[in-house]
Every structure is written in structure tokens, then in C-alpha cells.
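Below: one structure, written as C-alpha cells.
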Amino acid sequence: MNTILKIIKLSKSFGGLSALREITLEAKQGQIVGIIGPNGAGKTTLFNCLTSLYYSTGGQIEFQERPIVPEVAETKRRLIKSCAMLFFVLGLIWVPLFWSSIVPHTFFKVEVVLLGIFILSIRFFLVRGLMRFQIWAWGLIFVFLISDLWFSIWWLTHLLSLGPMIGTGIPLYYFTVPWGIIAGPFSIYLISQLVLRKVRQLYGFRLGPDAICRLGVARTFQNIRLFFNLSVLDNVKIGFHVQMRSGVLGILLKTRSQRDEEGLTEKEAFKCLRFVGLDGRAFDLAGALAYGEQRRLEIARALASNPQLLLLDEPAAGMNAQESSELIRLILKIREKGITVLIIEHDMKVMMNLADNIYVLDYGVLIADGTADEIRTNPRVIEAYLGGGTAHAAT
Amino acid sequence: MRWQLYKKDPRFVFLSLIFLAVLLPWLPLGASTNYVLRIMTTAVLYMILALGLNIVPGFTGLLDLGYVGFYGIGAYTSGLLSIHYDLSLWVILPLAALNGALWGTILGAPTLRLTGDYFAIVTFGFSELVVLVLRNELWLTRGPMGLPGISPPSIFGHPLASDWEFFYLILLLLMIVLLVVTRLQNSRLGRAWFAIREDEIAAQCCGVNLIRYKVTAFAISASIGAMGGAFYAKWFKFIHPDMFKFWESILILCLIVFGGMGSIAGTMLGALILIPLSEVLRAVLPQGLFNARYLIYGLVLVLMMRWRPEGLVPFKRAQAKKAKLAQERLEI
Amino acid sequence: MENLLDQSSLFLQQLVNGITLGGVYALIAVGYTMVYGVIQLINFAHGEIYMLGAFLAYTMVTVLGIPFFAAFILTILVCACFGIILDFVAYRPLRNAPRLAALITAIGMSIFLQNLAMMIWGSQIKSYPRDMFPAIFLKPALSIGEVSMTWIQVFILSITVVCMIILHLIIHKTKIGTAMRAISQDKTTSALMGIGVNRVISFTFAIGSAMGGMAGVLVGLYYNAIFPTMGYIAGIKAFAAAVLGGIGSVPGAMLGGGVLGIAEVMGAGYISSEYRDGISYAVMIAVILFKPSGLIGRQIGEKV
Amino acid sequence: MRKLGCFLFAWILLTGATWADSIKIPIAAPFTGPLASFGEGMKNGALLKGEEINAAGGINGKNVDIVLEDELCDPKEAATVATKLANDPKVSVVVGHLCSSSTLAALPIYRGAKLPAISPASTNVSIGKMSPYYFRNVYRDDFQGLFLAKYVKIVKGYKKVAIFYEVNDYSMGLMLAFMKEAKKLGIKVLGTEAYTADTTDFKPQLTKFKMMKPDAIFIPGYAPQGTLIISQARSLGMKNVAFFGADGLDDDLMVKNPDTEGLFVTTPFLPDKAGPQAAGFVKAYRKKFGKDPNWFAANTYDAVGIGAQAIKAVGRNREKIRDYLASINSKDRAYDGVAGKTYFDKNGDCLKEAYVKKIKNGKWVSAEKQLQ
């Protein structure tokens, strides 16, 4: 059984308040892993970091050996920062040169000045993007590097035709020669690095929640987040979003592949609803469902994206005994389909006979992990839950 | 059995409405047929614009105050192309739509990361900048002198002149836009948009890439607006920067709010009622209170939001009806 | 040499114009900042209250014959009440409606008020009668060579600074100020703490509208021209100033107003006067894109 | 379906034309909106002429009904008004459209309906050659700009002039014409600055002008902004700079502002310079409206006169009226109206003399030296 999910020293702090401290956690293929802990222990924060709704401030998450949250080494951060600063300085010098060489020759003086300001502001925007490891920042850098290269070559070859620097009267080539010497090689080097993928590999990218869902991680929410004004069937169809391929053109021309895909999705959606026992209510609005049914619809929607890992955030909250036993049967049926399940839950009865492995969180720190029985008798868990010195086991 | 099903099917309702509209020019209205036709053409044009704008606030829940910017871009693209290169409307429409989509993406890509309010203000800033550029770049748009002498559209060489021809042309455009919007609504894209409108976080966790789908919505809405602008320039034969002021965005927003944000039937109904209303008011109101019309539109916005935020044809009821219909079709 | 003197005195005169314009924008921007800070709503109708302030003073002086300073104070009070009524009628019912609904209501109110004023006062440009304010206002207070600053500019700047200080004290020192800051963090919790949320919000509207009305009168005085659509343009520029300074912070509104006023005047003076309005729109868009929290504002984290 | 049907029916009632048999002469101008004061002049002139015609037994026995159509100087409104008039069989000639942008919007509609129109106030250059159905009894901007440049050179002798123009077609047309002629006559144009219709703060641009130290500043804009520019310039300490403008500034609004002493403008109508009928017109106008007529009233008065004369001569067929108007193309066949002799060239424009008047201690007074 290979490990499907590995979380190494994950920590998250909201400016001073540290919600998670150095969490290390594993989930094996086809296993049901439980996470319990008192309110405010950071359980939901862990789920949100896992699906990158929050940016974790440290540690690494790997799903099927692929890094969801890249481990950012300090050296890498410093290199990126210095590269961003250099780019920033080059930008500041580049724009006055751009103005001075272009404006005298053109009729549209105002437009060129505005263009220069626009380019300068894009460069500021770019430096911010670099600092936060955004992927589009590298694309933009590529464009600017080429333009810097082009201009340094043009300036060096047209030294004589350049007039004075605007507003100062100093001949322009006093500036363009050093610029060409610095910018030219630097641009060539960085472009080659980008092309040879070295710099890009060094630079881990952070995946958004939708990319993580595409990888095969689906989740439900603590307070139900359904599309209440849409029909139950549509809610599940949205779950199928990652599995469908039709683009704008396919939709507009109603191509055969698009129609087939819709038909298939409709059939699959019905199957999902039948799986969670909601096929009778397929055409009612999601808002009209009872509380228990809404919980199950959310699970159906999560299953619709055909996940390998399902995250359930307090699925049994507010359910009576009969509903929670149905829920247990449903989760066991899910496990038979080979889907790993990660559950956050307070209802011990549900956790104890479901979870193969349980992790206990308290104030953002992992205080215990093991099978259901070990947890039941573990003194630290009891103390965390019931507080004070009472020794009898939690029922 | 099939007839009852057909009766409730929205597609059938639209088709019969449009069939009725085709009869309009031949109704015995006597002298004022042209005047009525011109008002109805304006109403149908605003229906198209409202359908275009409906995609952004209606489907994805983002308030777009800069819609008139794309309307103006479409109009000036069409005007300039027909003056300098004398292209026919059938070549201009796709070009205007592409130009609108391009500018929609350029504006949308960086700004769609913002929260709702800031996005609305940035789109407002964009449309004001568009008006400023249209007014001050004399070399491109002849600035405040406007663009007179735009050749009318022509079908198989016959230039359209009388009002009923324009009315049929705009009806054709409406049907195309309706087709596009309904197909989008019932597709994967439409569902993703509704998901974004209902709950962005949940939509993201279902695999909907927020930025990409918001920019697509913005680009499609912009291209429909530009198409409307292209027709407007060809129909009016003269365009002027002051025609694309901020007020137009408010008027179109008023249509979709009044009709029901998110529902296609509601948006069309809103346009059909409110646009002729201003002509009726022109006849009813005394000479001095002429701009009281704008007062009434402002009031409509406030009162609608206060008592019936979901509009005449609420989006929720439309979804329920659609679901019921799908159920019946399945049982047959 | 002579040219240099001309250039520098031109620059100084433009700076003086810019600061005065900035003072006016700051006064209006305060209204936006406070309302947005407390209930996160862009009060589009605030520009209209500024315009109503100008027209109220005009009517009081010309029709009712009230002396200038009495009319000035009265206008401020009436605008404050008007702000409260506006909040009560338009925004209170939508307190917990979706943000889109409140935004659309604000736009509707702005259009409604604009046209109402147009119906009452007609759409021509009116100007304050010359004998209305003391003649000293027009005489230059201090003039170095070509650069002159009239008393009216001094009056505007002094009022702006005084208002900012009073406002800062209210927000940070008084009980109601703390209540305002509490509400801006979390409306429901502060209601649990026994704060009369609606009362405090009305108070915020009152102060914002009072400042807006005051700015209206000052602009009517300084440029001697009032017309019904002046609120709409100045409103958007003032909002740009509020965002530039950092929405939600009063010193931010002052700084933003000053910077925007100077940028606009310098832009009109040096780059091109046709794109004068465009500059403030461009600044607004640039600030929102690159630094949404503004120059001073604090970064509002997104809590899922 | 039911809702749509009854809606249409109710609507037909509203727009059905009243069938009483009278000759309808519509006046299309901005009666509300920023330029309402100009529209008001046209309204009074037309009503006065309408009364006089009806007093003299109307045209061929039928009364003249002056209909006021408000188009707010907005191209969109103008087009809707134009369609309404084009479809009204009782309308055979239109007196209208003051602003050039609304004229341009209405032109194609009038041409489509073959409805002749006489504009008493639209001075934009490009309108003339646009449509054979469009005539105007006011001179064009280029003629006015040329006349102003000559007047400034010969009579006033200014060497250095700055131009503060509004970003609209009327103002820019005048500026371009003035600059072309000024270059020929050797007047140095120091610089041009622009403002938009809704600007109230002119200080940055005026400060720039102050540094240029011009002899005079040419304001080719409209009166509402004109008074602000002049008073803000005075408050900036530009005491000895003269101001001059074109017909756009010719309005009572300027007189109310004490700073505008010495301002001179071109105008197509001066009570004391025009013919004998002018005296009668001015007396009747002052009796009926209590104030002196501005040039809008005079030109509209003439335009309605020309329209009535055409209907009297050739009846109510639109095509015949157009040909009749086109036939007034020489000095001897000209219509001798209050604002001088009006005859049209092949584009429908007319060549009329321009006069100059100035403000002297708070009143419009015709300038001593005229330029013929």
C-alpha cells in the first residue's frame, strides 16, 4: 500500500497567531484516516491548506509524489529576490532611456510618455508576481528580456543617431553604452536559463485549488457550500467539470463530441445520485433538500470528480443516530471503490468504527496518532479533550 | 402529450415571440409605423446588449459598470472599417466581436483577481478612459466631430434603407445572440459560471479555474456588446463620443436588474418594457421635465433592489422550471 | 535665467492650485473612506450630496437671503441629516443583502438625486453672487512674485486640515469612534457587544455627508460654478483619492486627495489638458491593480 | 403573448398624430440641458414669427403651428426627434438643430425622408456638403474664424494670442480656421489648451497662459464655460489680458459677470446695423419677452420666415420646397430678413456679413469699428 498523501512539517500562521505548527501526516492508498481534536485545533485550517485555499507558511505537501505545496528553500527564495531586484533596477533605468530615444522621433509625444509609464507599471507588477512565485511572472519576464535585448542592440548600433537625454541635455550614449554592456549579456543568460528549464525547475510553483481538484483531491465543507439555486442534478454535473473537455467553440457549434459528453455526464450524474441514494430528488433545487440529504449531495458532488483522495469535513455533524449509521455505510461503500478518505469528525461513534488510523490535533500541534484503540486510551488525548485530570476513557 | 411538453419548452416560447415580431411591420399602424419600428429596433438592440451584459453580473455575479466601453469600441470599429475600407456588415460583425473580446481580455485578465467592488470601479474607469480616447485621438476617430457618412449595411448588394429592413436585420442578430447565450447557459461553461455566481470557494474546489472562466465570461460579454455597437454604427450612419457615456451602462444594468439577473427571458422582457417606456414618457411628460426619465430609471434601480432583487423573472424560478421540464422530457 | 524664474513660478503656482484641489478631493474622499471603512459599501450617492451642499448654500443665500457663514453652517447640518436619511432609506434595508444589491442601489440613488437636482435647479451652470461672501476672499493672501494664493485657498486648506484633525480625534479618542472601528471589523459581533450598529452607521453617514456638503460649498466659492452633474465627476475622483490613500483610513483620504489633486493639475499643466480626467482614472486603476491596500491602508486578509 | 398585444395597442394611441388641419413647422433645439439659454432664443424668435404670420392670415389661409421639439443637444435624442418629424406627413420643412453633433445625427434621416431643414444656428463646416436637403442661414465656422483673425489683426492689432478651446466640434472648427488665417496674417499663436464641457477648474491651464503673457486669449467655446474662464483668469491676476470669442459667447450670461468688461465677440445680428425691419422685430421682441433678442432669435425668426415663404410659394410637397429653397441662390432673389440678406450656395450654406459687439460697462454694445 503506497502512501498517497504525505504532509511534512506543515505550518500556517495568520500574522502572529500560528494555527498549525509542524504537522507531519500520512495517508495510505484505500485507507480511512481520521483527524480529531477540540474546536479551534486547526483541523479545518489543515484541510484548507491541503486544498491551497490558504497559502501555508512552511512545510511541504505531496500527493502521489507530486508536490502540491512546493518546499521553498531559503537559497531559492534569496536567488529569486535578488533576480527580482535586479530586474526592478534595470526597469527603472530602461524607461527614461526608452523615452529619450523614442520621443524626439515621434509625433505622438503624449502617447509615448503614457506607454512608458504603462511599461514601467507592468514591471512593478511583475516584480510583485516574482516575489510570490506566480507562474505568469516568468512568462512576462521572458517578454521583457527579449525587449531589453532588442533595445540594447538597437541602442549600441545607433549610437550616433541618439539625441540628448530628455530634460538634461546630456548626450544619451553616456547611458546607453553601460546599459548595453549590463543588460545584453544578462538578458541572454536568463533567457537561456529559462529555455534550458534549470531556473524554472529550481522555482517550484504553487497549485491552485482547481488544479489540486484536477489531480484527484475532492472535498466537502464544514458548513454546507452547495449551489442552492441550482438543481440537484446540476450540482453533481458541476462536480464532473474536471472530467469534461468541451471548450467554448465546442459548445457554440454543439459538436458531436460535446453532445455525447453531455449525455454521458447526465448518465454518470444519475449513477452518482443513485450511489448516495438521492436519485428521487434529482430535479429539485439544492436549497429544497433536507439537511441530511444536502450533506449527501455534497459528497456526491465530490465523488463526481472521480477523486483518489476524498476529504470529509465533519460529515456527521448535526445528524441523528439513524442518519449517521447510513453515513457510515456510505463511507464504507466509498472505501470499497478504492478511494482514500480523510475525515474530520467529533462523533466518536462514527470515528471509532470507521477510521483505520487517527491523528489528534490540539492547538495546531499533533499530539497523538495511531489506531482507534490506541487513541482511546492515550492519556494526552483524554486530557486535551476533557481537560483536567479525569482519567476515564471517552465514550 | 408531446404538445403540452412543447408548450412549456422555453425555446418554443422564444420562437413564437420572434415570429410575432416578424409580423410587426405589417401591422396597420398608419403614419407612425416607421417611428414604432425605430423604437422596436432600439428595444431589440438593447435586448442584445442586455443579453451580453447579463453574462457578467447575471451568470458570474460580477458587477460590470464599463459595458458601454465595449459598445463604443464595437461602434467605432465598425464605423472606421466601413469608412476607410468600406467593408460590408457581414465582415465587420465578426471583426468587431473579436476586437471586443480582445479588449475584454486585456481589461479582464489583470483585474478579475479583485474583489467585487474594486472590479466594478476599475471597469467604470475603463469605460471613461475609452470615451476620453475616442474624444481626444483626432487622428483615429475625428474626435468630437464624430464619424459621419457610415455606409448602411447591404444584403446581396441591396443597401438597406427603410426601417423594416433594419428591424428584420436586428431580429436576425437577436436570434444569433439568443442561440449563443442559451447554448452557453446549458453547457459546461454555463454551469461553471453559475457555480462561480453561487459560491466561488466551492466552485474552485470543484475544479473550476476562477480567473480563466471569469475572463471568458468577460470576453464573450464584451464581444456581444461590440457586435451591438457595430450594428448601431451601421444603422445610425453617424457616431459621436458623447453617445457612449457612462449613462448607457447604467441603462443596460437597469434592464437586467428589472428583468431578472441571470435569466434570459427576464432580461429580454426588461428591455422590451423599459426602452419603449422612455419614448412613451417623451410624449407624456411636459416639455420642461424632459430629463425626468432618467429619474425614473434611477428609481427603478433602487426600488427593484429594495423589494424584488431577483427581478421580474427570478433566476431561481427559471432554474426550477428548467429542471421540471428536463424531468418530464426524461419520462417520455 | 528669466525663463528659469518663469518656469519655477509656473510650477509653484500649479502646486498651489494642486494643493487646493487636493484639499477639496480630500474632504469628499473622507465621506467615501468612512462609509466604506464601516460597511464596505462604495457610496456612489456621496458625490450627489457634495453637489446638494453647493446648491443648498446657493439657494439659502440667493433665495432666503441668509448671510454666508450662517448658510455655510446650516448647509453642513442639512447635508448631515440628508446623509442619515439616505442611509435610512436606501442602505439600511439592504444591510445584509448581497453586496451587488447595495452597490446597484447606490448607483440608482446617485442617478435619482442628480436628476432631482436637475429638475429643481435646472441644468445651467449657476454661480454664487459676487456680494455673497466677504470680498477679502478674492484678494491674494500671500504672493511671492508671480505666485499668488488667495484667501479663499487658505480658507479651504485650513478647513480641510481642521476637519481632518477633528475626525482623527473622533475616530481614535471617542466612544463612538471605537464603535465605528469595531463595526468595520465585524458587524455582528459588535452588535453582540451592545453597540447600536445602525445608530453608529447613521453617525458615520452624517459626518461623511457633512464633510461632503462643506466641500460642495467651498468648491462653489472657489470655482464660482455649480451645476447638477458636478457631483458625479468629483465623486469618482474623490473615490480614486480614497483608494489611493488606502480605503478605510482617514489620513489616507487626506494624503490620497492631495496627491491626486497635484497629479491632476500637473498632468493638465504639463502633459496634456485633454486627458485631465483620464489621469485620475489611470491613477485609480493603477493603484487598485498594484497596491489595493493603498499608500497607508492595511492589507485586508481574505478569511475563508 | 397577451401582454405584448395590449402593450402595443395602448402605445398606438399615444403616437397617433392629431388630425386637425394646420401647417406644422417644428423647431428642433435644446430647450433643456446645458445650452437651454440658446434654445430659448430660438423658441422666442420662432413663436414671434408664428404669431405674425397667423396675424396676417396664415399661409394660404391655414394657420401655422410652431411645434417645439427638445433634443438636449444630444445626437441620440436628435435622431429620435428627426425620425418622429420625418414620419409626420403634416411636417414639410424643419427649422432646427443647433448643435453640430445633433445636426450630423439628424442629417441622414432627413435625407432618407427627403425632408428639407433650415438650421439657424449650426455653424460646423462639414455639414454643408453632407446632404442636399440641408440649408442654413448662418455663416460657417471657417468664415467666422477668418473674420475674427482679420478683425484681431487690423482693428485690434494684437501680436501674440493664446487659444483656450473646448473639446467639441464647434470650438475646434473655429480654432483651426482662426489658426490658419492667423498664420497668414502674422499673428503668433503662443499655445492652445483644451477643456471639457464639465470642467470647472481652469486654473492650471490659465496659469500656463499667464506665463506666456499673451496680448489676448481667444475662447471659441460656449458662454457657460466662458464666464468661468474669464473670472478665474482675473482672480489669477491676469488683469490686462483681453478676451475675445465667437457667437458661442454671445449670451446674457456674460453680461451678468462684471469681469467680462471689454470682451468682444462676432455675431451675425446687430440691432442697429441691420435693416429697418430689424427695428420692428427688436421692438416686438422686447415687448413680448422683455429683453433684447440675441442672434439665435433673429436667425430663427428669419428661418421660419424663409420656410413660410417656401410653403406659400410651392405648397407642402417636400421635394418642391427643397427645390424652391435651392433656387434662392443669388443676391437679388435673397430673402431680406431681420439678420440681413440670406441666399444659399450649392451646398446649402449662406454667405452673410459678420458684425462685432462688445461688453461696455455691463451691456452688449456694437463695437465702434466694424470690418466690412
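Read from first to last, the chains carry the letters A, B, C and D; within each, the first residue is number 1.
As a convention for this text, contacts are C-beta pairs under 8 Å (C-beta built on N, C-alpha and C of every residue); 3 or more make two chains touch, one makes a residue touch a chain.
Source: prediction; values computed, not measured.
> By label order, what chains touch subunit C and subunit D together?
B
> By the touch rule set out at the top, what is the minimum number of steps from subunit A to subunit B?
1
> With respect to inter-chain C-beta contacts, which pair, A-C or B-C, contains the greater number?
More contacting C-beta pairs are found at B-C.
> Point out which chain occupies the most central position, where each centre is the mean of Cα atoms.
Per-chain C-alpha centroids ranked by distance to the global centroid put B first.
> If we define chain centres by averaging CA atoms, which chain lands farthest from subunit D? Would you check?
Chain centre farthest from subunit D's centre: A.
> When the centre of a chain is set as the mean of its C-alpha atoms, what distance in Å lies between subunit A and subunit C?
Going by mean C-alpha positions, subunit A sits 41 Å from subunit C.
> So what's the Cα centroid distance for subunit A and subunit D, whole Å?
For subunit A versus subunit D, the centre distance works out to 65 Å.
> Averaging over Cα atoms per chain, report the distance between subunit B and subunit D in Å.
37
> I need the residues of subunit A touching at least two other chains; which ones are they?
53, 125
> What are the residues of subunit C that contact at least two other chains?
123, 272, 274-275, 277, 282, 289, 304
> Specify, in ascending order, the residues of subunit D that touch 2 or more different other chains.
Only 32-33, 167, 194, 196 qualify.
> How do the chains pair up in terms of touching? List each pair.
Pairs of chains that touch one another: A-B, A-C, B-C, B-D, C-D.
> Could you pull out which subunit B residues touch subunit D in their complex?
For this pair, the touching residues of subunit B are 16-17, 20, 24, 27, 29-36, 38, 135-136, 143-146, 148-149, 161, 236-238, 240, 242-243, 272-273, 276, 279-280, 282-284, 287-288, 290-291.
> In the complex formed with subunit D, which residues of subunit C make contact?
Touching subunit D from subunit C are residues 6, 9-10, 13-14, 17-18, 21, 122-125, 127, 130, 138, 140, 143, 146, 148, 150, 219, 223-225, 227, 229-230, 233, 265, 268-269, 272-274, 276-277.
> Which bits of subunit B are touching subunit C when the two form their complex?
Residue positions touching the partner: 57, 61, 63, 65, 110-111, 114, 116-118, 120-122, 124-126, 128-129, 132-133, 135-136, 201, 246, 250, 253-254, 257, 289, 291-292, 294-295, 297-302, 305-306, 309.
> What does subunit A use to touch subunit B in their complex?
Within the complex, subunit A contacts subunit B at residues 51, 53, 125, 208-211, 213-214, 218-219, 221, 225-231, 233-234, 237-239, 241-242, 244, 246, 248, 251-252, 254, 258, 261-262, 282-285, 301, 305.
> Any idea which subunit D residues touch subunit C in the complex?
So the residues of subunit D touching subunit C come out as 32-34, 36-37, 167, 193-196, 198-201, 203-205, 207-208, 210-211, 224-225, 227-228, 231-232, 235-237, 257-258.
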